[in-house]
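The letters A, B, C, D, E and F name the chains in turn, as written, and every chain counts its residues from 1.
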Amino acid sequence: MKVKVSRKAHFNAAHRLYRPDWSDDKNNTVFGKCNNPNFHGHNYELIVSVYGEIDQETGFVIDMKILKELIKSNIEDVLDHKNLNLEVAEFKNMNPTAENIAVVIWNKLRPHIDLSKDLEVVLYETSRNFVTYSG
Amino acid sequence: MKVKVSRKAHFNAAHRLYRPDWSDDKNNTVFGKCNNPNFHGHNYELIVSVYGEIDQETGFVIDMKILKELIKSNIEDVLDHKNLNLEVAEFKNMNPTAENIAVVIWNKLRPHIDLSKDLEVVLYETSRNFVTYSG
Amino acid sequence: MKVKVSRKAHFNAAHRLYRPDWSDDKNNTVFGKCNNPNFHGHNYELIVSVYGEIDQETGFVIDMKILKELIKSNIEDVLDHKNLNLEVAEFKNMNPTAENIAVVIWNKLRPHIDLSKDLEVVLYETSRNFVTYSG
Amino acid sequence: MKVKVSRKAHFNAAHRLYRPDWSDDKNNTVFGKCNNPNFHGHNYELIVSVYGEIDQETGFVIDMKILKELIKSNIEDVLDHKNLNLEVAEFKNMNPTAENIAVVIWNKLRPHIDLSKDLEVVLYETSRNFVTYSG
Amino acid sequence: MKVKVSRKAHFNAAHRLYRPDWSDDKNNTVFGKCNNPNFHGHNYELIVSVYGEIDQETGFVIDMKILKELIKSNIEDVLDHKNLNLEVAEFKNMNPTAENIAVVIWNKLRPHIDLSKDLEVVLYETSRNFVTYSG
Amino acid sequence: MKVKVSRKAHFNAAHRLYRPDWSDDKNNTVFGKCNNPNFHGHNYELIVSVYGEIDQETGFVIDMKILKELIKSNIEDVLDHKNLNLEVAEFKNMNPTAENIAVVIWNKLRPHIDLSKDLEVVLYETSRNFVTYSG
């Protein structure tokens, strides 16, 4: 019996969307207000899901306490209260769009989840905008 | 890397569930309070999702500003503050159930989304009842 | 020790905002889309609060089961799946704005709540618009 | 046209996670605070989804009123305000983890849903922890 | 300039409503399903608010980090994953209704908040039932 | 009959909490992660409430469309996607704590609301932290 187990988490961060190889005009046309050079920010809400067989001894697919701790040490400690463009290595040369942040989070968590299990990341940039990545 | 990008929207509308070819008794048995001939209404909450490759230049699957505008011009402007039975062509001869409204919304949006991308519509009729249609 | 006890409820209804003694132009200017003569509708969310002394024997200000039943019989049974303008006596000659609906609900509940207790009604017309009435 | 129809419900219950064949130390290590022998409890939020063809006559995949009633009689009446370990047969010899409760709920509902339709159960143990089972 | 600062927290617990000096019949009539002798439980959501002058140097009424820690050490560590009737001294001889739990929480926090400031506790027993106590 | 009318809005912004006249050590001790010199950010959710008499002609305390527009032009256009410290005059010499932002918002809106009416601002910095200011 395979079940998907999901855990919510959150972090706050500043970011800016732009490409240094584009003109200011093109950056403004494509990224609009998100191109503010002084940055803006979000409360990112995160749902991490692990899909796999229920362990018949514990009744767990993955212990929620362990999943919570994995998210804390690999994601929250790295992204919370940070400037994504200036302080997170992956975004030095990649736009911190919700799509790209979700992929980065998935890549950071994947090595810590047993390979027999699937991993999915849902990232809310605002309560109206969110993205889902499953590898 | 394929990601699903989701955007929330909303509209308010009146509707009635019934079939003119059925007796009053049968309409009441099947549709209950939803068959009120004077109509009732809902705050419909809508989540439109587009699934596809991340554009490596922008970091977007689809620009949220464009998706927001597509929803506004094709859905909100057509359905918001309307009587679905009397004022929306698709429901002249089709019951405006949540299922059918979701299909109508999907059909209205599909021509505006690149064919390489998948489209999904989630429609909340109330916070307790909702439907999902993916084509 | 005085405590405020609150209970959520909900009903769906159709309505229209307009004054028959005004011109169409004036109705449209003041009430905009809410003046649709074919009606539109909402999922109304309701919070009813009763403020008073804790009964030392039961530990209740008011039994939630009784409050739930009072809301059902006096409010939900009267307003749910109704056209407020056409089917609710109080709105025959009064606009069913959120403000007025909240006052009507308060007036319907007040006789059923002990006079030693205060009553408050919060009514959400949408998740973005709501009103509060305390008598 | 296949649509997924979803209905929310809820129940409150007490439970305890432990294995009688394990030592107290091992139970505490694996189950932590959830191993309290005096029990703790949750407000379980449930989303039951049925996926299938829209009936062209009614516009329904499944009548929400019928789905609501199926959840009430098969799940809420059985689990609400109960001690899952002591009062629900399935958990006499199985840990009432969120994963196992979701499977039990799915098994209780499956016989009542037409075999041409798929069934999915999402169970929130808290607003931060939830599981999904699709059979 | 006086501002009210609010912080959300949560704990899970089991409880039972009954009076040992009442007959079973009377307990069942008044407390219904909440009188289950095997207990049931809830995810309690808590909002603690402190009202007072903004400190002109920090811009804080009270440091949210300090408020969060006060709630953790005085409330969450005492009530989380507990059986309120059996393990919390205040409820040995008092029914753990939402009203009484809110008063107990308020009394536990009041000594830790500067007397120049007001304290308010909102406690959600479920998402539909909640109480407010301000001393 | 006096009613409180409330409208939700939102804006995203970057900010930093610190005092230039304090040492780095003191800033870190008091403001912790919020003192990141590269900024972090939030999705601020705002509830603006106006309390006053219902206009007997319209049934409105204040037209929600007008309140929505007042919030847009005076608050959202000024704060959305901004760096509060660098781009909003009021925070050049004042810490952009939630408390101070709520007071600034109240002061910006007060001149636009009739003096016979009361004004209240609730500002969510995160879904767990929020403040209320009523003048």
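The rule is simple: a contact is a pair of C-beta atoms (placed from the backbone, for glycine too) under 8 Å apart; a residue touches a chain by one contact, two chains touch by 3 or more.
Not measured: the values here are computed from a predicted model.
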Please give the intersection of the contact partners of chain B with those of chain C. none
Listing by label each chain that touches chain C and chain E gives F
If you average the Cα atoms per chain, which one ends up farthest from chain B? E
Given that chain C and chain F are copies and touch, would you call their interface same or different according to whether over half of its residue numbers are shared? different
What chain lies farthest away from chain A once each centre is taken as the mean of the Cα atoms? C
Where does the E-F interface recur among B-C, D-E or C-E, taking recurrence as more than half of the contact pairs being identical by residue number? C-E
Quick one: chain A and chain B, Cα centre-to-centre, how many Å? 28
Between chain C and chain D, what distance separates the C-alpha centroids? Give it in angstrom. 34
Multi-chain touching residues of chain D, meaning two or more other chains, are 127
For this assembly, give the contact graph shape among line, ring, star, complete and other. other
Strictly by the criterion at the top, what is the full list of touching chain pairs? A-B, A-D, A-F, B-C, B-D, C-E, C-F, D-E, E-F
Parts of chain D lying in touch with chain A, wherever the complex brings them together: 17, 19, 30, 32, 94-100, 102-103, 127-133
Touching residues on chain B, where the partner in the complex is chain C: 10, 12-15, 33-34, 36, 38-43, 80-83, 86-87, 126-127
Footprint of chain B on chain D - complex, ascending: 1-9, 49, 54, 57-61, 63-65
